[in-house]
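The following pair of complexes shares a single chain, chain A, combined with chain B in the former and chain C in the latter.
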Partner chain A sequence: MTGLRYVYAVCRPLAAPLQAELTGVAGAPAKLLHHHGLIAVVSDVPERDFAEEPLRAHLEDIDWLAATARGHQQVIDALTAVTTPLPLRLATVFRDDSGVRVMIEEREEVFLRTLDRLQGRVEWGVKVYVEPTGQEGTAGPEAKPASGRDYLRQRRMKARAHEDTWQRAEQFAGRLHSLLSEHADAARLHAPQNSALSRASGQNVLNAAYLVPRAKSEEFVEMVDRTKGEEPGIRVELTGPWAAYSFVEPAASEGTEGTGDAGGAGNTGGTGEGDA
Partner chain B sequence: MSMPSRMPEPYGQSGGANLADILERVLDKGIVIAGDIRINLLDIELLTIKLRLIVASVDKAKEMGIDWWEDDPALSTRARRDQLAKENAELRERLARLEELEPGRTSTRAPAPEPAREESP
Partner chain C sequence: MTVVERREVALVDLLDRLLAGGVVITGDITLRIADVDLVRIDLNALISSVNENVPSPWEDLS
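After this line comes the complex of A and B, so read on.
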């Protein structure tokens, strides 16, 4: 049976071999394809699943997609532990090794430049959530207003409490983002995640990624940890270390970040000015 | 190769990392290369309709009529509606106060905290 080549990442040659039983998408082992002083990390994947038609169909299947995403990430994680990989987007598939080689040749220069820029750095994800307070928006349990004035007062207090929480969250997120940006080589603001779908509780107000040298990662993690529990009703979540997914594009394209995205964190976009 | 030694353990649940976080990265970030198998992830209906929402940009979600950020005053049209409702409430409150004070109405309006807008008759 002829297989296709699924490509996870491109990186410089590894000092040590990949762990022998490392598997990626479709449970296929990950292999190294050397070419022009770079390596592509690939798996042989069956045509019946990864040719255009079946792939398209599979991607509509949430379970298949989730398993494939995890398989992809598993290989990237393993690489991140031993080198600085350039992660490719999910489902990058070539007919054969020569297709992968041609791709490497065509992009060699950009790969090398990007690898230099990211060398020795990892990505940390930081999200800030406003916890549901339980009192907002539930019309039920509060005392019945004795009069029209009471009613109005209650309404006003609720509106104010709500506003306060959001204001605090925005300010907190702005401060946190400028603090972390100062301790990172680069930062990106992503669109807030939809909490209903991500199954995280609370509303995501900041969803950011920071590019941090490995050597400074411990310090960075501690810094984030210290902010946890700093503000009541606001939760900070840290994920990583990730391969530098959010930073494979050079900062020149920064203009596209933070336009739509920054809105989610209120005015935290860019410099976080005025929060100091 | 120089592998700096001090690297924190993966934070949280490496293997069980939040699917949304993984999808956000593997679908939305990373290097885009058109392989031999041409799939535009944006054409995938499920991705577009369901999964993209996990990481939907505001504009995208708006296009789809999704309002999940509606409580964020910085973002939403709903928040603007809320603002109207609040203004309304304040006006009603003023009115209530005025009615209450009706008998001796003369100079009692000073304490009103809101920036005055003369909308009540």
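After this line comes the complex of A and C, so read on.
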């Protein structure tokens, strides 16, 4: 059985060793591959699961995807405890160690620059939900409509109450986002999560990530906590600390010029590699 | 055999980051998957799992 190399992250050499029994995707142990003053954190993974064809099939299997995502995250979490890792996207696989080394060489400069930018920082996720209706519009217990007209009136009132909550939620989310952005080094908006998928109750109106120095994280968390329960019918959720997954690319404002990476190393991916 | 204590992170939050974030590298193997297809595939997977009333994958992960 031949093995491939699954790469989780690139970091600077660790000051403390990784925990001895750290495992990642497919239950494989995580190990360090040193090259050029950087390390790649990798696992040997079986070709039968991680070669392109089987991988493609596996990714449509929700259980496999979930287990693999958790394995990936387990390694990233462990790294986050000892360093500032540069996390790679799920399922980045190379044929062998030399493939990984070549990749590091090609991107060394970008890696170092990004690691500097992220150094000592973590990502916090903040989501705002509109709670399912039920509270608002409760002028009284829901009376059974006496007539069709009553029914329509009730429906209209409910719809209006719902709209109000939405409007309040959006304004609240906007205020919260600007407040948190001021206290973060960078912010990024993710698409709101579909509640059918997340199985969270309520509608997600804000799904944001903030890059915050570790040293200021406590303050940041407290700031988010204080907003909880501030508005009735609106719920705020905090996740993290995460490795800076959402901030591996420089923000548009800081790097438009700098990203003209002449070598076309293609950090932005996507360019002209469609049919390799 | 879990070594690290697991904070149960919701799968959607994880996928927001693992599939939409992280450095995109065209590895030897996952060239096309990594960049574009993955997000769509993951959504299909999630949606079909919800539709089929499969038990929530992030509740029964051991």
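The rule is short, and it goes like this: the second predicted complex is superposed on the first by the 231 of 276 C-alpha atoms of A that agree within 3 Å, B and C clash if a C-alpha of one lies under 4 Å from a C-alpha of the other, contacts with A are read in each partner's own complex, and residues count from 1 in each chain.
Everything that follows uses one rule, which is that contacts are C-beta pairs under 8 Å (C-beta built on N, C-alpha and C of every residue); 3 or more make two chains touch, one makes a residue touch a chain.
All of these numbers come straight from a predicted model, not from anything done at the bench.
**Student:** Touching A:Ala15 in the superposition: chain B (first), chain C (second), both, neither?
**Tutor:** In the superposed model, A:Ala15 contacts chain B only, not chain C.
**Student:** Would you sort A:Val205 into first (chain B), second (chain C), both or neither based on which partner it touches?
**Tutor:** In the superposition, A:Val205 contacts chain B only.
**Student:** Is A:Ala78 touching anything from chain B or chain C once the two structures are fitted on A? First, second, both or neither.
**Tutor:** The second partner, chain C, only.
**Student:** Who contacts more of chain A, chain B or chain C?
**Tutor:** B
**Student:** For A:Gln154, using the defined touch cut-off, is the partner it touches chain B, chain C, both, or neither? Pick first, second, both or neither.
**Tutor:** neither
**Student:** In the overlay, answer first, second, both or neither for which of chain B and chain C A:Asp63 touches.
**Tutor:** Second partner only, chain C.
**Student:** Examine A:Tyr245 and indicate which partner it touches, taking first as chain B and second as chain C; both and neither are also allowed.
**Tutor:** After superposing on A, A:Tyr245 lies in contact with both chain B and chain C.
**Student:** Just chain B (first), just chain C (second), both, or neither: which does A:Thr23 touch?
**Tutor:** A:Thr23 contacts chain C only, not chain B.
**Student:** Quick check on the superposed pair: does A:Trp166 touch chain B, chain C, both, or neither? Answer first, second, both or neither.
**Tutor:** Touch status of A:Trp166: first partner only.
**Student:** Could you tell me which stretches of chain A are touched by chain B in one complex and by chain C in the other?
**Tutor:** 4, 7, 10, 50-52, 55-56, 59-62, 65-66, 69-70, 72-74, 77, 86-95, 99, 103, 107, 125, 190, 193, 196-200, 239, 242, 245-246, 248, 266-267
**Student:** Spell out the part of chain A that touches chain C in their complex, as residue ranges.
**Tutor:** Contacts found on chain A: 4, 7, 10, 19, 21-23, 27, 50-52, 55-56, 59-63, 65-67, 69-70, 72-74, 77-78, 86-95, 99, 103, 107, 114, 123, 125, 190, 193, 196-200, 207, 209, 239, 242, 245-248, 266-270, 273-274, 276.
**Student:** What residues of chain B sit close enough to touch chain A in their complex?
**Tutor:** Answer in residue numbers: 1-4, 6-8, 10-12, 14-15, 17-33, 35-39, 41, 43-47, 50-51, 53-59, 61, 66, 68-69, 71-75, 82, 86, 89-90, 92-93, 96-97, 100.
**Student:** Write out the stretch or stretches of chain C touching chain A in their complex.
**Tutor:** Listed in rising order, the residues of chain C that touch chain A are 1, 3-4, 6, 9-38, 41-50, 54, 56-58, 61.
**Student:** Considering only the defined contacts, which chain A positions touch chain B in the complex?
**Tutor:** 4, 7, 10, 12, 14-15, 50-52, 55-56, 59-62, 65-66, 69-70, 72-74, 76-77, 81-83, 86-95, 99, 103, 107, 120, 122, 124-125, 137, 148-149, 152-153, 155-156, 159, 162-163, 166, 170, 190-200, 203, 205, 213-215, 217-218, 221, 237-242, 245-246, 248, 260-261, 263-264, 266-267
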